[in-house]
C-alpha cells in the first residue's frame, strides 16, 4: 500500500521535459552510440598510439618516457625515407592514374556500346578480389622471367623489356599498375554514374555550339563531375595510404627495400622488429602527413561553405 | 538525367576504335583471373616444373575437391569449407550492422543536423585513413577488456565499428542530396526520427546501401590480419586458410590447390559484385533525388 | 564493465588455485592437455606437427594446436594478443634470441628438472642450448635443426660445365661459377627474391670466409669486427654471387627457379636443407642434384645453424601443466625427433641420433655429420637470416642493408660495410 | 480571434541577426503574404512558425495556444513547399495520407479525407502515380492536397508557385485565391514576387533585413508605403523616389523638384507638418500618376496638374507605354496610353496625379505624409 502510494506520484512527477527526453531516448541511442564508438575509437586509438610513440615499448606496450627517441630513430632509417618518398610517388601516381583510367573506362562504356553489362562487370570484378591475391597474381604477370616480358620475348620480339618489378627505380610503378587494375573499376562506376546524371540540355547546348566529342567531355561534362572527382580522390587516397597486403604479396617491399610504404614500415617496426614505440612513431608521423593534406582541404571546404552561407 | 550520353556519331572508324579499345582493355582486366583459373586446374608438380603461367597439360579438377573439402590445415583436414562458414559468420552480421548503423548515423548527420555534427563526422571519416596495422594492439586490449578475445563476435564488433567510418561517410554524402524540404514536410506530417528514416529515407536508399554492402562485404571477407590474430584454430576466416596454403620456405608451393581455393573463396564476393554491380551504377545514377 | 570482468576472472583464478592445492596429490591423474600456437599449418611442417600431435594423443593427452598461417610475424601477433589477454598458450613456436626477449614479457615454465631427467643438455650444441635458457634456466626446447649453408649443385649444370670436383672453398666456388658461365649457363647461382634469401647468401659468405669473424660481427655485434676485412671480403663474395643470379627474380620463393636449376640453366644454390624436400616434392629426382656442405675457406666444416623451438608459457591449470611436461618429454625424445626430421627434412637436435636408417637421406646424414664435426672445432654459428643470431629488430635492420646490397650493384663492399655498421648502431 | 500571433521574435545565426524582433498578429481567415527580397528572413520566419527551426527568443501563438516549444506535428499547421517536397517513393495517395498515417487516423477516415481533397483539387486520376510521373502543375496540386487534407488551423505556403511556368503560375494564383475564399482558412504565404502578394493577400507583411517594414492591407501598402524600401519594392515598375525640398507658399506647402529651367513644383500633401518647410524631403510618385496630359485622374480635375520634362526613352508594352523622363536630374518613370509615341530627347507634357504623392524623410526614410 505505502509502496504504491510512493510509486504513483513519483511517476507522474516526472517533468514533461524528462518525458519528452525519454521519448527521444531510442533515437539518441541509435545516433550517438555508433557515432561515439566510431569517433571514439579513432580518437582513443590515435591518442594511445601517440602515447606509445613516446614510450620505450618493444614487444608489448609499457609505460615510460623516452621523449622523441623513437622518432629520431625511425627518421634515421633508410626504410622510412624510402617509404615516405614512395608514398608521395605512389600516392600521387596511383590516385591520379586510377582516376584517369576509371574516367577513360567510364567514357568508353558511356558510348552506347553493346554488352555494357558484361564489360562493366569485367572492369569491376577486381574490386572483389583480395589484395593478397592481386599482389600474388601480378607478381607472376609482371615478373620478367615468366610474365608479360617472357610472353612477348617468346613471340619473337626478343629485345622487349618490361622488368619494372625487378628495377629498383620502377618497381613502385608495378604496385601502381596492380592498384589501378584493382581500383579503376570502382572509379569507373562512380564516374559513369556522374556522366549519366549530366543534364541532357547541357549536352544539347554544347552540341548546338558545335563541340566535338573531345571538347564535349573536357569542357562541358567533366566540369560538372567535380564533386565525384573529389569523392573518387578521397577513396583512392585512403587506398594509397593503407596499401599493405598488395605490396607484401607483389614485391615484398623489394627489390631490396625499394618499394617500402609507410603502412609496411609501421607494421614492420611494430610487429616484425618488435619495436612498438618506433612503429607508433612512424604511424604518428604518417597521420601527421595525412592531416597536412586533409586539414587544408577541410579548411578550404569550411571557408567555401561559410562564404556560400554569407552570400 | 539520361541513360546514355554517347553521341550518335557516324558508324565509322571512331566506333571501331572505341570497340577495339574496350575489348582490349576488358581482355587485359581478365588476364589475372584467367591465370588463376588456369593454375587452379594444373597440378602443383606441373606448375613447379614449368612456370606460374601456362595452359594445363592435364586438367586437375581434383584441385577443387582438395581445396573445398580435403586439404589439411594442421590436424584439421576439411578444406576451406568450414573457414568459408566462419568468414560468412563474421562478414554477414558485420556488414548488416555497419551498414544499418552507418545509414542511421549518416541520416542523422546529413538531415537532422545537431550540435557538433560536423566535428563528429570529421572524426568518423578520419577513421577510413587509419591503417589497420596501427589499430591491431588497441583492438587486442579492447577485446581483452570486453572479454571477446578469440571469438567471432569480437571480429564482428571490430568490423562493425571500423566499418562505420565508411558506411557513415557513404550514406551521409548520399543523404545530403535529399532536399531539406522533404524532411520539413515529413516533420509537419508528424513523422518522427524513425518513421522518416523508415518510410522516406530507406526507400530512397537502395543504391547507396548496395554500394556500402558491396564495399563492406568484400573488405571484411578479404580481411586477413585481424582474422588470424583474433580468432583461433577452427574459427579462422577463409583468408587464413588461403595463406596457410601459400608457400613456406621449406615447402613446394601448393599453387594448384591454392589457386582453386582462391577461386572458391572469391565466389561470394564475385557474386556480390555480379549481382550488386548491376544496381551499382544504376543506383549511383539514380542517386540524385529529384 | 571491463574491470569487473577482469576482477572476477582474477577471483576465479584465485579460487582455482586454492582448490587445486589439496588436489595436488591427484595431479597425476589429470588428463594432460596442451594448447599450442605455431605457424606450421600445411605442407611438411603441418604434417610433422600433426604427427607430433598424434604421438601426444597416443600418450593420453589432449592436443589443441592452433596454427596461425602466414609469416612468423602473424604468429607472433597472435601470441602477443594471447599474452596480453592473460591467456598465453601452454606452448608456442618461437626461436632464437626472441625466446629471451619474449620470456621477459610473460612467465615461462622452468624446464630444468625435466631436461635434467632426460639428460638432454649433453647432446645439444652448446650455442643452441644457450638460446633456450634465458636467465640460465631452460624455458624452451629446440625441436629440429637446419643447416642454412647447404650447397645444392645441379647435375646437368655440372655436366655442361664439365666440372669434375665439388667446390669446398669460395675460390673453388668462384672458379666453378666462371666455368659454368663460360659453358653458357646464364645464371650459375640460383636464388629466391625474399629478404631471407639475400641474408642467407651473406651469412654463407661470411661464415665460409671466417666463422670467427661471423661470431664477432654478426652474433656479438662487435664494432671492430663489423668493420673488419672479413666483412669487406664477404660483401665482395656476395657481389660475385649476386652477379650470377637471375636479375628477374622478384619477391618470389627460390622454388620457382627449381625447374631451371634441375635443367642445368642455373648451377648452384645455397639453401637450407629443406630445399631437398622441396625438390623431391616438386617431382624431381635425387640424382638431378648433389648436396654438399657450403664453401669454407679454413678447411674445417662450418655449420650455420637454424633451429625451430617451442617455448613453454606458465599456466596454472593442472592439465596444461601435465601437458607441458608431456610435450617437453616428447620433444626431447630421440624417436620423436627422428619422426619429425624425417618428415620435414631437417636433422635432429640431439647429436646422438643414429641417421643410418632408411628414413634418412644422404643429405641429412651429411648435415648431421658436419654438425658434429663443426661442434668439435667450434665452427657452429647461428643464422642471421633465420632469426637465430639476433633479435628480430636487429636482424631486420641488418637484412635491410644486405638485401639492398644484393639488389643494387652500385653499392660497393666498402659502402656496404659502413652501412651495415650504421644500421647496427641505429637498431641497438 | 487571432490565427497567429508573433511576439518579438528574434533569430540569430552565429553573429548574424536574421530576424530582429518580429511582431505580427494575423486574424483568423486572413491570407497573409510575407514578401521581401531574398535573404530578408521571410523563409526563416515561416520555418519558425512551422516549428522547423527554433527562434533565439520570442513567442509564437497559433489559434490562441502558445506553441513556441511545440514540435511541428503538434502545431496544427500544414505547409506547401517551393519544391513541393513530395515523398518520391510514395504514390500520390500515400503522399496525401502520410500525415494521417503518422497520427494513426483510422483508415476509413483517411479514405474519406482523401476523397474530399482529391475531388476539390481534381487529382483523382493521379492517385496511384508516383511524383516522378507528374507534371509540375500536378505536383503542385498534390502538394496542396497534402496540406488541405489536414484541415489545419494555419496553412503555410513557401513560395509554392515559383517553380511553375508563367502561365501556370497565373492560373494557380487564381485557384489558390478561390480556394481561400471557399474554405476561409488562415494562410501565411511567403513569396518574393510582389505581384503575387498584391493579387492574393488580404494582408501583406513586407520584410527586409530581418524586420517587418510594413504590415497592412494591399492598398495601404501600395498607396501609402511606410518607408522608402516598401515604396521601391512594391509595384512594377516601382514608385519613383525623387529628392526635393519643401517650400511654403502661403499655407500650402509645395514640393520643389530640381532647379532652374526644369524646376517642377507640385502641391504637397496637406497633412505634412509645418516643421518640414524649407527642408529636403524625398517625394514618391507611382509611375501611373504620371500620364499623358489628356488623362483625367479621378473625378476632380483639381488634382490635375501638368508638367513639362524631357523624354529619355519609351518602352511600349502593348497595354501601355512606359516613359522614362528626367525630373530634377533624376530618371523618373511614367505610364502613358499605349498608342502614344514620344521622340527621345523631346520635351513633353505630362499630367500628374498629385493626390497620391508620398513624402519621405531622407534621413529615416520613413513616410512623413
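General remarks:
Chains: A, B, C and D, in written order; residue numbering restarts at 1 for each.
The rule is simple: a contact is a pair of C-beta atoms (placed from the backbone, for glycine too) under 8 Å apart; a residue touches a chain by one contact, two chains touch by 3 or more.
These numbers were taken from a predicted model, which means no experiment stands behind them.
Chain closest to the overall centre, judged by the mean of its C-alpha atoms against the mean of all protein C-alpha atoms: A.
When every pair of chains is scored by its C-beta contact pairs, the maximum goes to A-B. Among the remaining chains, the Cα-based centre furthest from that of chain B is the centre of D.
The geometric centre of chain C is 90 Å away from that of chain D, both derived from CA atoms. With each centre defined as the average position of its C-alpha atoms, the distance from chain A to chain C rounds to 38 Å.
Each chain gets a centre from the mean of its Cα atoms; for chain A and chain D, those two points are 53 Å apart.
Note on chain placement: the centre of chain B and the centre of chain D lie 56 Å apart, centres being C-alpha means. Shown for chain A are the residues in touch with two or more other chains, namely 143, 146, 267, 271. Among the residues of chain C, those touching two or more other chains are numbered 77, 80, 84, 194, 256. Those residues of chain D in touch with two or more other chains do not exist in this structure. Per the contact rule defined earlier, chains pair up in contact as A-B, A-C, B-C, B-D.
Chain A makes touch with chain C in their complex at residues 58-60, 73, 76-79, 139, 142-146, 149, 163, 165-166, 168, 250-258, 267-268, 271-275. Taken together, the chain D residues at the contact with chain B in this complex read 47, 50-52, 71-74, 77-79, 81-90, 98-99, 102-103, 132, 146, 158.
Those residues of chain A whose C-beta lies close enough to touch chain B in the complex are 24, 26-27, 30-31, 34-39, 41-46, 48-49, 52, 61, 105, 108-113, 117, 119-134, 136-138, 140-141, 143, 146-147, 150-151, 181, 185, 189-190, 192-193, 195-200, 203, 207, 213, 216, 221, 231, 237-238, 241-242, 244-245, 262-263, 266-267, 270-271, 276, 279-280, 283, 286-287, 290, 294, 298.
Chain B meets chain C in the complex at residues 44-45, 48-52, 71-75, 136-137, 140-141, 143-147, 149-150, 224-225, 228-230, 232-233, 236, 240-241, 243-254. Here chain B touches chain D in the complex through residues 179, 181-182, 184-192, 195, 199-200, 203-204, 289-290, going by the rule given at the top.
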